[in-house]
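First the structure, in the form of structure tokens, and then the observations on it.
Each chain carries a letter (A, B, C and D) given by its place in the written order, and its residues are counted from 1.
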Amino acid sequence: MGMIQFDVLTISGAILLIATFGVIARRGFMDWLNAYRLQSIVLAVVTAIIGYVTGIWEIYIAAGLTFVIKSLVIPKVLTHVTKSLEIESKTDFNPYLSLRASIIVSAFLVTMSYFLSQQIPFKSDPVVNVFLPVSMAQFFLGLFALVNRRTALSQVVGLLVIENGLFLFTLVLTHGVSLIIEVGIFADILVGIVISSILLFRMSRTFDSLDVDRLENLRDD
Amino acid sequence: MNSISANLTIVFLLLTPLVGGILVTVFRKKRIIEIVTICSASLILIQVFFILYAIINEKTLSAFGNAFYIDSFGAVILLPISIVGFVSVLYSKNYMGRQYDIGLVDDKHIVRYYQGLSIFLLSMLIVPITNNLGVMWVTVEATTLISVLLIMLYFKENAIEAAWKYLIIATVGLSFALIGTVFFYYANISAGSSEDAMNWTGMVHNSKLFDPNLVKIAFVFILVGYGTKAGLAPMHTWLPDAHSEAPTPVSALLSGVLLNCALYGIIRFHIVSSGTLGPAFSNQLLIILAVVSIGIAAASIYFQKDMKRMLAYSSVEHMGIVSLGIGFGGMFGIYGALLQIINHAIAKPLMFFASGTVSQKYETKVMSKIKGIIKVMPITGALFLIGGFALVGMPPFNIFLSEFLVLSSGFQSGQFLVTMIVISFLVITFAVFLRHLIKMTFGNPVLEMKKDDMGNLAIIPMIILATLVIIFGFYIPEQLQTLLHNASSIINGGSIT
Amino acid sequence: MPSFLEITLGIIQALMLMALSPLMTGIMRKTKAKTQKRMGAGIFQPYYDMVKLMRKDEVVSDQSSWIFRSTPWVNFAAIGTAAFFIPVFLSYSPFGLVGDLLLVVGLFGLARFFTMLAGLDTSSAFGGIGSSREMMVSTLLEPALFLAIFVVALTYGGTNLSTLVEGASNSSLLPHPQLIFAAIAMFVVILGETGRLPFGNHATHLELTMMHEAMVLEYSGKSLALIDWAQSIKQVILFSLIVNIFTPWGIASSVSAISLGLGLVIFIVKISVFAIFVAFLESSIAKWRLFRIPDLITVAIASSLVGLVLYYL
Amino acid sequence: MIENLILFQIIVSLFLGGAILGLISRNGRFSRPLIFIPSMMGAILTILFSVTVITTKSMSWEVPHVIPFFNLEIFVDGISAFFMLLIGIVSFAVSLYSMGYSKEYEIKKRISIFGFLFNIFILSMILVVGSNNGFFFLMFWELMSLTSFFLVIYDHDKEENVKSGMTYLVMTHFGTALIFVSFLLGYLQTGSFGFDSLRTSSSSFPHLIKDLMFVSAFIGFGTKAGIVPLHTWLPKAHPSAPSNVSALMSAVMIKMGIYGIIRTVFDFAGFGASPDYAWWGVLMVIAGSASALIGILYAVVERDIKRALAFSSIENIGIILIGLGLSVIFASYNLHTLSILALVASMYHTINHAFFKGLLFMGAGSVVHATHTKDIEKLGGLVKQMPWTSMLFLIGAISIAGLPPFNGFVSEWLGLQAILSSSQIPSTILQISIAFASLPFALTIGLAAATFVRLFSMIFLSKTRGTSLLHIREVPRNMIAGMAILASVCILFGIVPFLGISLLSTVFHLSSSPSSPYDAIALKNNDMTSFANLSMPVVAIMLSAVALGIFGFIRVVGGKTTKTIYGTWDCGFGKLNERMEYTATSISQPIRVVFKSLFKPHNETHKEFSIPENSYLVKTIKFNSTTKNIFEENLYTPIISSTLFLLDKVRKIQTGKINSYLLYIMITIILLLIFVRFNHA
């Protein structure tokens, strides 16, 4: 393949990573959602690029799906669910780590995922070489967001980021496995989001807050 | 058996719960849907026994090309699913009926409950019979979602909390599992396999050619991922919450069957990675997690106030013992582990049912408030004792044999230190678990209650299980023995024949 | 199987012990009286007392049961039987085939067991005191006695009394220093077993000093006679044991008229001397506090342990 | 021997039948016969069976493939048969006794459950000594523990019964774990849990393995046998259980521990005749002496009849262990005859203890049955109301106190002789230390006499101390019969030791066995001079002869005299009442003072003065004296509390914060990845 493609891949990967960082850095829920939407769009583009590079047509479908579901449907659902809530409960005022600290940790995680990818010997497949670490990084950053954030909403978003990472990861390594599985995964995620939004709804009813600190009745100490 | 009949078998097996669910949605009358579900559950039971018979005779059964593939190991997992599914449905009638009578749930809930139950069964049935590991992952994830729905059936605060934790942690965990799966797939691809690269059969076939480093990392992801779902410490944290808050029949299914499905995933990949690296690698990982789980369970049981939480922790312990057996390896170890899967799946639902009935009678799950069960409800009390003693591995009940085998294999494989540690943990667990059990069963009830056992439909499922518990204590049928032997040879050799 | 003559001789020895026992008591009483500057009764007084008691009617406590009534008989039977195993003037007793020193100790134990029960049977506080003290003392004496026996048995090769005494008579004490210590222990044990000072005092009926008397306080008439007699037989048995084991000179080792006669005379002399010595000792010391007695017994135990070590080293 | 096999199967089915009949007979009129007659028949057949096995040849039975890997192997050789004989005799007597005893349970609660457990309990003991495979051994062993546990807490209305049952269960399970470890070590060597393979190849094990096997098995079985300091469950469980059950437990069940130790030493752990193994014996002797002394010391101050009996069981187990240990020592120095002597001593004591302790527990049961109290401070004067019970109890007391002419004396005589023979061990240090070990032994014998004088007199003699005797009457006939059986056996084995010794010599294939009941137990020195002789029949004859003689003599000399019944001498005070007589506490007071370091007695006196300022006119004095159990305070409590402390730290990880949970997962994956990176397995 040509130099250009490679550059395109690298650049898009970089953009994706930055978008992910954007998601990590934001506080207010709406900013989150926008960041996530942005990231999803980038993801869709990346998917398309991969499709172009590898020349497997299913991947275009996947890209389309991604664009539709992730950057349109899910944000819509979430905004709908949280319409009734007032702004405070949607904003994550005090995560466990300060912004600066969390950036450092994320940086560490990114390096770790690159390191991890080094462990895995690959045939010289540029797509994999570029995007495997990116997807891993996305994954771990999402996980970190889950660990770090205190409101249920932001945890949902963290889940979504993880899921994006997964999607990219699967895509990169499998070049679109048998489409059934892709769809299955998609469906699972979608249902998961729906259920969690139901839960969010209920939570806001019962606890009139989405603060996960409220969810500490079940414990042993 | 030829491919057609094989296909039919599978189709019927999967259709039964599906149709059951649909019927439930169609007529929304409580009595009817109860009967429908019971029928479908018993149908499943019968079909599973049929399949088992087939497997015992001709080792494997594959349908739709290689999409579905059942070997002895899958059958071993299939058996508890059907049995526990049946008894749970049977028990649900009485249990949910009472909840309904005291107005805790309404018709809408009942319908939703039985729909959920059917789909739950369906998804769990797919896990051990599918050949495609990706599909397996999808179904396991599906079980999570459905069980979350079942847990948050009636929106009590704790139920919501448990559901939330369960959802988040399980999803995160399973995402690890997906990564692992894909890694394995990639390893398979790069090993040069073209089609059915996601199929377990294919993977085991090529496992010799896989890249070791990749497999190592992949297995770690699988272990953490499915381990989260299987409740191996320290990823077990969701388990006590979910099990304690779910409706009792669901808790029985969760701990009796769902955990096994997750372990099934681990063991499948364990076979593959043993094919590549030899068993030593995955064994030590399994042993580490197992010991941690058993220890944490032993520690946590003592301080529990809630009956079902205590049972949940004992599930953690038993999952630990199973993976310990697999980790120790050897004929004894693996056989013991498989036997332990079945035994635990028999004994734990018994305990859950008993505790469910008791907590309905006493209107609390708090153990300190429950006294003198044996006086208030003699039969349930006796069954409660049987289940409890079985769970702590007391002969002449079933779990004794499997634990005996597992521990022996520990010495066989030269893991003296680990075995001694585990034995001491088990002694501690014995003491602390029985302490709660005895305190609840004997003594005098705090307030005067009339003596009854909450109806036959509450008793019968327990009696079925209790009989199995006792019989398996000192007699295991020939067929089951052969089945277990084949299964353990599959795991042991990492060979498919 | 021992010959008829031997058996008769053995029986004669036993009967002789029984016959002699009151005399010893008398001698000791007389000695004490002398040392206390009294005239004192004649040395045959105990015989007269016994006959008198046998002729008297009894008073039996209404609280008491058949245990109380049967005790004197069991008591005498046990101690009387013990008498058969003791070599007196003949260095072996044919009953050595039947029993040994440990059996003798056991028989004493049987007697004591019933005496203690009888003391408690009448529900009088005196009996209680006696039994509870006897309980403690006898318990503590047991190891001392056994260790002493241990030393002796090891030295002379057996708890069979015939073997013991023969071995003793054939060897001199000098090569066996451990026997000295054993003798000390044995002596203390004898004082305790016979309830003499500093353990208890036969002379008084003061509850501070009573042990044996307290237990048998309720007895009268025939029963009392039996009890006293049994007690004095026990005393003689113990005396002759210590005498024959530790000063085995002149005991007859063969059945011939001269040696037998000689042995008899020598035995009586020895045992009387010993009795007098005990009496002197008794009148020269005071009764000890009950909880100082364990110290004395400890001394006994210690000395026999020393004897043991000496034997092995 | 096919007949034996059939007989055995009949026995098993009889007990099972009794169990099932008990279960289905729902407290009906016939429930007691339905339960206990099968068990009686089973017991008789067991006696028959074991006797045939002992006299003819061993029986083996194998049922393959009931469960994977292990076959149900039954193998009854002499030793097993010997213990089966004990089980048979005792359980026969106890079943007979229970016919009457368990009547009250019909009113109080379900006797049917009791019958079920009772039968299964006896059956499980038979199967324990019969089983020839580690797995099934452990299975029956735990079955035995489980059934006995339920029997202990059978009267579960009382909290403390359940508590003590719990202690028992946990401790015995701990023991089982150690036994399991010992089997595992054997399995490691032979690759099978079958006892046969152990027997054949155990001699070739490495020495370390042998030692480990022995130690773990010794601790494990010792827990069941109740050796100090693993004895704490015993004085708790026995009083809680119904008396017939505690008779079975104390007479037979704790002997299973002894059985296990014998098997381990002589069969499994590959004991060899070399001084390397002497320390096994030394360990046993030390443990035995400790148990004997401490057990009896606690018994002598105990107020509760059954607790006192339980403590004395600990003592007797100690004596048995001393004998066993001596025989091991002798064997390891290749002194064959001496080791036989010691073995016979300890086994003889095993027989005896089974009999008289069963008898005594049944006696205690009758007392409780009649008076409904176990506190000897409240008893007294029963000899007039319950002549039979008191008579039989007295026989038991004399036997256990080791006094001639009853059986206790014979075994203790043998034991002492064994200790005396220690002078032939070619090792001075051992000689001296064993000689010193005779000190606690002798002390124990003395204390045992004291204990049972106290028990008997406090229960049966003089005036009652609390409960009124009005409604107390003798127990029903079948209970007396049950006791009488064991009592007569006690006397028999005392007066005719030939029985026991020839039994043992056939069981253990001993070279020297007496020919006729009349010739004495004769121990010889090396120069064939007699070391010691004992011929109990003659002793018995002499005792009676002397008694007759003196009776005649006195009649001749004293002539005929009358007996007058009159009040006890009261110094003319005139109002003797039961509050003035000696109490159980006051009787044992001197001993309590002498051994105060062990009891740590804590006395407190409350005085009330009729005139507060005047401290001379005392109205009431309350005296309260309590003794502590130093083992629970200084050994068990620290261990348990420290364990709980650790557990408490561990379970804290369940914080309830979902973030922390996710963090665990993250950390786990990272750690595992690092682990994988840096380990090259």
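Note that a contact is a pair of C-beta atoms (placed from the backbone, for glycine too) under 8 Å apart; a residue touches a chain by one contact, two chains touch by 3 or more.
Protein identities per chain, from UniProt: B, C = NiFe-hydrogenase-4, membrane subunit; D = NiFe-hydrogenase-4 subunit B.
What you are looking at is a predicted structure, and each value in this text was computed from that prediction instead of being measured.
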Selected pair, greater C-beta contact count between B-D and C-D: C-D
Interchain centroid distance [CA atoms averaged], chain B/chain C, Å: 79
Geometric centre distance via CA averages, chain D (NiFe-hydrogenase-4 subunit B)-chain C, whole Å: 35
Cα-centroid distance, chain A relative to chain C, in whole angstrom: 102
Mean-CA-position distance for chain D (NiFe-hydrogenase-4 subunit B) and chain B (Å): 45
Shared-contact residues (touching 2 or more other chains) in chain D (NiFe-hydrogenase-4 subunit B): 651, 654, 658, 662, 665, 673
Sites on chain A at which at least two other chains make contact: 116, 119, 143, 146, 155, 212, 215-218, 220
Pairs of chains satisfying the touch condition: A-B, A-D, B-D, C-D
Complex contact set, residues of chain D (NiFe-hydrogenase-4 subunit B) against chain B: 65-69, 135, 138-140, 142-143, 146, 153, 156-157, 159, 162, 165-166, 169-170, 173-174, 177, 180-181, 184-185, 187-188, 193, 643-644, 646-648, 650-651, 653-654, 658, 661-662, 664-665, 668-669, 672-673, 675-676, 681
Touching residues (chain side chain C, partner chain D (NiFe-hydrogenase-4 subunit B)) in the complex: 51, 54-67, 73-74, 76-78, 80-81, 84, 95-100, 102-103, 106-107, 109-110, 112-113, 116-117, 120-129, 131-133, 135-136, 138-143, 145-147, 150, 153-154, 157-160, 162-163, 217-218, 221-222, 225-226, 290-291, 294, 301, 305, 308-309, 312-313
Of chain D (NiFe-hydrogenase-4 subunit B), residues touching chain C in the complex: 381, 383-384, 394, 398, 401-404, 409, 413, 416-417, 419-420, 423, 428, 431-432, 435-436, 438-443, 445-447, 449-450, 453-454, 456-458, 460-463, 520, 522-523, 525, 527, 529-535, 538-539, 542-544, 546-547, 549-551, 554, 557-559, 561-570, 576, 578, 580-582, 586-591, 593-594
Complex contact set, residues of chain A against chain D (NiFe-hydrogenase-4 subunit B): 96, 112, 116, 119, 140, 143-144, 146-150, 155, 212-213, 215-221
Interfacial residue positions of chain D (NiFe-hydrogenase-4 subunit B) with respect to chain A in the complex: 651-652, 654-659, 662-663, 665-666, 670, 673, 677
